[in-house]
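Here is the structure we will look at, set down as structure tokens.
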Amino acid sequence: MAEQYPILVLLVLLFGALLVGLSGMADRRVCFPLTVTALGLAVAVSIGILQRVMDGGVIRYFVGGWSRPVGIGIELRIDTINALVLLTVTTVGLLTAIFSFRRVRDDKTEKTPLFYVLYLLLIMGLSGMVITGDAFNLYVLLEVSSLTSYALIAMGKSKRAATAAFSYIIMGTIGASFYLLGVGYLYLRTGTLNMMEIHQAILALDGPSSTIVVAFVLIIVGLMIKMAFFPLFGWLPNAYSYCPSSTSCVVAPLMTKVGVYVMVRMMLTVFGTEWVFSNLQYTQWLVGMAVVAILAGSVMALAQVELKKMFCYLIVAEVGYMVGGAWMANHWGMVGTIYHIMGDAFMTLCMFLAAGIFLKQAGVVRIDQLDGMFRKMPWTMAGFVVGALAMIGIPPTCGFFSKLYLIRGGMESGHWFYVGALLISSLVNAVLFFRIFEIAYFGKNPAEGHAAHHEEPSVQPVIKEAHPSSLIPLYLTAAIILLLGLFNGQIVELIEHSLNGVQVIGTEILVEKGGQG
Amino acid sequence: MIPEVIQTYTPLWACLSALAAVVPMLILRRETALREGITFLAGFVMLGFVISMVPEVLAGKVLECTLVQLTADVPIKFRVDGLGMLFALVASSLWIVTSLYSVGYMRGLKEHSQTRFFVFFAVSLTATMGVAFAGNLLTLYLFYEMLSLATWPLVTHHQDKEARGGGRKYLTYLLGTSVGFALPALIFCYVKASATGLEFSAAGFLAGTGIEGTAALVLLLLFTFGFSKAGLMPFHSWLPGAMVAPTPVSALLHAVAVVKVGVFCIIRVFTGVFGLEFLKELDIAIVISWVAAFTVITSSLIALTQDNLKRRLAFSTIGQLAYIILGVSLLEDRAVMGSMTHIAMHAVGKITLFMCAGAIFVATGKKYVSQMDGLGRKMPLTFAAFTIGALSVIGLPPTGGLISKFYLVTGAMDANQPWLVTVFLVSTLLNAAYLLPIGYRAFFPKDRQLSSQPFSWKSTVEAPWACVLPLCVTSCLAMLLFVKPQLLLKLASLMVSDAG
Amino acid sequence: MKWIGLIAVIFTGGLLLSAMDDFPNWGDAHSPANSSPVSQYYIEQTMTDSGVPNMVTAVLADYRGYDTMFETVVVLIAGIAIMAILRVAKQVPGGAKPTPAHEVGDQHDIIIGTTCRLLIPVLQLFALYVIAHGHHSPGGGFQGGVILGASFILAAIAKGLDPALQRLPEKRYVKLAFVGVVIYVSFGVACLILGENFLDYGVLHELLPTMSAEEARSHSMLGVEIGVAFTVSMIMFAIYANLASKGELEGGL
Amino acid sequence: MIWQFDILILIFLVVTAVISLQVKDLLAASMVFGTYSFLICLLWAGMGAVDVAFTEATVGAGISAVILIATVYNTRRDSSD
Amino acid sequence: MSVMGSFIISQYVLDHFNFWVAVILMMIGLYAMITKNNLIKKLIGMSIFQTAIILFYVSAGVKEGATIPILEHHAAETEQVAAGDAGAEHGSVVGADHDVSKSSEKAPAHEVHEINPDDYSNPLPHVLMLTAIVVGVATLGVALAVAQVIYKNYGTLEEDEILAKIKAAENDG
């Protein structure tokens, strides 16, 4: 059975969705246990995959057994990078599913089965994107995940959810279509859709080919729309902040990260970094764009009054981190990017879980409504603080180490502006989150002198602490953030294992290049 | 000479003993007496662990334990050497004293949220011990940041507008500099020397990595200003701002833990990261010396103008910290030894002063120097202790401050820096000028009416015993250190002889 | 906005056209895409592998059956998504309307009614033919499914949504749509259980002793096409029913 | 296939696309869009992509047009551009 | 010069005329998606954009002089009869009355030479585009549903009016 793990991840989720759909119509109560079971199994299988990849190297799974010649069938290809991202995706899915328990029950009674079907299929689509080794299959799964996320966002109760979803559909379709077009250009020149085969074909090409270059630009631009890279991020804040909490908790951490992952995969496996960094002269520009993205995201986050909106702009900045890291043509930049994909997924999850709890228990939308939260909801705040520290980059959370690697990459490749932007963004994050802490700690209007506080306020706050089904995922996320930080050495080792295995990043060449730039 | 290394988890236990106290404190948050009992228990346990390591350290051995491998090359690592041991001894012993004092203070003023206060107190101590025992730069940074964060709720304990302002300034300066300066410097070291595991060594792990000239100077400046807990100008103004905290916090954290962690980190950078020999080779430390010298003089002058006692003490602290940095930046053996011992001497002296200020506030509610005329007659014990502490800070006998200052001055002479010797001497005069008059006016008020009254023990209004006892203990300690400074000197000389 | 759009579009167009001179010639049989081993393999080996003359069907349902499975899922998602977004709870989900309020003939033209009554069975028969004959001629699950769905839509347009929904109530079409995907996946899982990779139909001949591996492939393709047809037809109708009635499933166009 | 025919259809395609986007009446736009789908399906049939053409005929010219019209019917028919 | 000109035209336009039209259609669709004010118009633009991409793919699979990718049964059959029985590795001998299985069972390795790949157009782009068409209609359906919800909320499908109403609502609240 173990060799079937790659497909099992998807099948478990797909069957979960089908069962929820078929039996949920009859009895809504089975939806939640079925969903959690399916996701739990998926997490277990992902762990199994990771184990296998660590033991036995790259897994190649040929669906339908069509292995020869390579490319006639669809290949699932898992190295350590995929395995780690896959585990991230399924884990985030599981945590949010647990979190959604009360929310969905209260919000959308008659649509509960539909919600869970879409939810499971979203996770399935994202997992499929992560493990596939076929460029076109990736498009299909991209659409699976996009369509489900459109629907989940449009299900929001807010009036503006629909408009946000509509602009998301338009932008998302443009992005996906660009990707499809790019794959078409690639196919025209290479005649195959299998990622490794495309890579071989590109290596075999004699002389530069403008088709490949255009294909690359199309694919990257398409993905950048999907991951909300700087000038193309307009759809994100509205889409992520007007949707239901349980949706934003899964969409916000995963969609952009998987987009980044696909970009990395394209750079590593499909085009190959040697081609990317030696054929294209504008990689420096992209790092520059990333710098702008980081700064712009941070500044706009500062200007927000709504909690979720602020997190959304932080996502924009974080995407800038990762794009810059990937494009700086440095081993450590790439390592940092991949590590940050995982770290940021959980950090964002932590933020949105906390925001969801605040919204539900206390109706908090704006930041200034958080006053006195340390007293009213100490347990939730405790989890939130861990996530916030990770966003700022305080050791030993994972946020610190991804910054460490990214900055190391920036220093080695001589991208000093990027290093500066990263540090400024950390400071801005510090300001943002300590502003929140301050409000939550002091309240909106603290007393003038300290004598006034010596008597405890006798008015009991009506706000109740969150239900365990909300707190457990929050704490698990916080724990994962810490664990990712503490065990980052091992994780980076795994990532490097794949980077060397694919043999794509020649650090020596790249360092030399970076020195010039 | 390569010191003998012993693998042991004792430093970890010492570190965790304070953290372990957090859970029972939270559980027993309603039982004040039990909760405070736990605080003391943890304090003694910690001190016990620290003392248990003293003989081995004195024997010239180094205790190490490696925990998690953080990155591929750099683990979380504890390493106890002379400097770390010296600092840990100071911090852990003074914690017990301060705990006693804060019990009295908090009860005396009926402060709110006492559980939170004690919990974060314990967490801060853990972070301080972590810094003291950190074996490499990353671990050091980790606990340094932890300390910044854990002390924020203490600084802003009153939760009023003033506290918010002070807290904001506190974090802005500390986090801003640590993220903006120290972190890039750390990562730069990581880039250059990750193979060495960033481990502190007497020769300095940066030696031999090809860093020189401007790059080295920039790196050194980044580190020195990055660890802005040391209060070096121009990044000093958080320290007076943080005086909004309850006095025990000011006492422990701003005279002992936080600021001393700052200078400790800088000493580590000088002795462990660069290495004294390497710095001599580079010939860049003189820049730091002048910055420190400037800070010494300026802060002393500012202190003269302050009427609020705690603020005056805060500026005095800035000056004394700059002494330490100045000493270590001279790169001479005796000056460095002086710096290290001055950590302890100043800690004992300054904590006495702060506790006196707190005791005055608890007993009479007075905060300003100008209000203290004749108070010495009402609070003789407190002001006697105050005077002893002041003598120690100035560096006069019969207190330990003399010892460290002696080493500092002779070190400056060794380094052939007559101007810096002058700085030391001038600042000593200034110290005397802003500290001694307080005690003098308290005992011998200008107001005839006050001074003419005969003194009697019955008319005294001392603060609660839990406040007074600790400050008596520390003032005695200050005098004891004059008589028996050998332990500290031995520990400090361990570091220097390593380097030599 | 217009200017930004124009600039973006011109930039995109220029980018797309800039590679044009690098393209293989129009209709070049030896272009990389057309002469690649992959496409050669399909043309040459389809008959050998499964005996299905229509290569498109073979590639769709067998070689790249994994894609097609997700494509079916996409269709399912579209239906579910529209219901999730638009459906308003005017009635218990799936419950048949208790009161068939108005008569069919009232608002609808008799000529249209009669024509539809004649046309719909033929349409449905044709749909089944398209599904079943997809191996040998253009067609297959998608096309047949859409035609089947179109026949229901035609009924709904001609007679009104309510009578159509009486025949095919919401609960039933949703269930059938799910069943379609279940059929597809179960073919794959059957292969998995028999010890081969997912969707490796060849191994299914072990189930029936009289069948060769090639036949198994051919028949399994038909099977999955039927599954696709289930989902597609039901979802097409669901999309129409929801969009035409603003999600109320009453009245219609 | 006959290339003149091919080019003719291609030109018509562009024309119908522009018309369907420029007509202010959304119902008419949907209809013209149906025509566009039909033309492109012819083109594909000519290029030998019979399955694609078949699908486009049922999906593009059929279902897409119908659901567009259904939406226009349920919302507003006129548009500002 | 005119020879050169016509060469250029044939090189850049006629030889790739389908690609040209595909790109033009893409530009039209993209422009409509970005700039049109009416949401339905945006969606029509989206559909045009998607079909243009499909046109591009299908054009990539065309071979001059090739037929549709469906094997001619009889031709294949006779070839197979002539081919003899070299297909021992194909194992099972069953169902003799079914011509398909017969052909497969005898399918010899050198049959490769009998079916000329140049005679059939490339089936792979067709398959891919079947998927793309279905994805397109699915997206269109979801988008139309969202558009109906927007109409229900705001009573209009014009983007500028919707934005104005949102702004007004924000100012009120």
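Each chain gets a letter, A, B, C, D and E, in the order it is written, and its residues are counted from 1.
As a working rule, a contact is a pair of C-beta atoms (placed from the backbone, for glycine too) under 8 Å apart; a residue touches a chain by one contact, two chains touch by 3 or more.
Just so we're clear, the structure is a prediction, and the values are computed from it rather than from any experiment.
Fewest steps needed to get from chain B to chain C, stepping only to touching chains, is 2. Counting only chains that touch, the fewest steps needed to get from chain C to chain D is 1. Remark: among chain pairs C-E and A-E, C-E carries the greater number of C-beta contacts.
Centrality annotation: A (chain centre taken as mean Cα position, compared with the mean over all protein Cα atoms). Centre-to-centre spacing of chain D and chain E amounts to 15 Å, using the average Cα coordinate of each chain. Centroids of chain A and chain D (each the mean of its C-alpha atoms) stand 38 Å apart. With centres set at the average Cα position, the gap from chain B to chain D is 79 Å. Averaged C-alpha coordinates put the centre of chain A at 43 Å from the centre of chain B. Counting partners per residue, chain B has no residue that reaches two or more other chains. For chain C, the set of residues touching two or more other chains reads 16, 21, 23, 31, 33-35, 38-39, 42, 54, 56, 60, 64, 67, 71, 74, 77-78, 81-82, 85, 138, 142, 239, 243, 246. Residues of chain E in contact with at least two other chains: 17-18, 24, 26, 30, 59-63, 66, 68-70, 124-128, 130-131, 134-135, 137-139, 141-142, 144-149.
Checking each pair of chains for touch leaves A-B, A-C, A-E, C-D, C-E, D-E.
Note for the complex: chain C touches chain A at residues 15-16, 18-19, 21-24, 31-39, 41-42, 62-67, 70-71, 73-74, 76-78, 80-85, 87, 89, 93-94, 171, 174-175, 178-179, 181-182, 185, 188-189, 192, 196-202. Chain A contributes residues 4, 7, 11, 14-15, 18, 21-22, 25, 61-66, 69, 71-74, 110-111, 114-115, 117-118, 121, 124-125, 128, 134, 136-137, 140-141, 143-144, 147-148, 150-152, 154-155, 162, 165, 181, 185, 187-193, 201, 209-211, 213-215, 217-218 to its touches with chain C in the complex.
Residues 26, 30, 33, 39, 42, 46, 49-50, 53, 56-57, 60, 124-125, 128, 131-132, 135, 138-139, 142-143, 145-147, 149-150, 153-154, 162, 166, 169 of chain E are the ones that touch chain A when the two sit in their complex. For chain D in complex with chain C, the touching residues are 50-51, 53-55, 58-59, 62-63, 66-67, 70-71, 73-74. By the touch criterion stated above, chain E contacts chain C in their complex at residues 11-12, 14-20, 23-24, 26-27, 30-31, 34-35, 59-66, 68-73, 76, 87, 90-92, 94-95, 98, 100-101, 103-105, 107, 111-112, 115, 117-118, 120, 122-128, 130-131, 134-135, 137-139, 141-142, 144-146, 148-149, 152.
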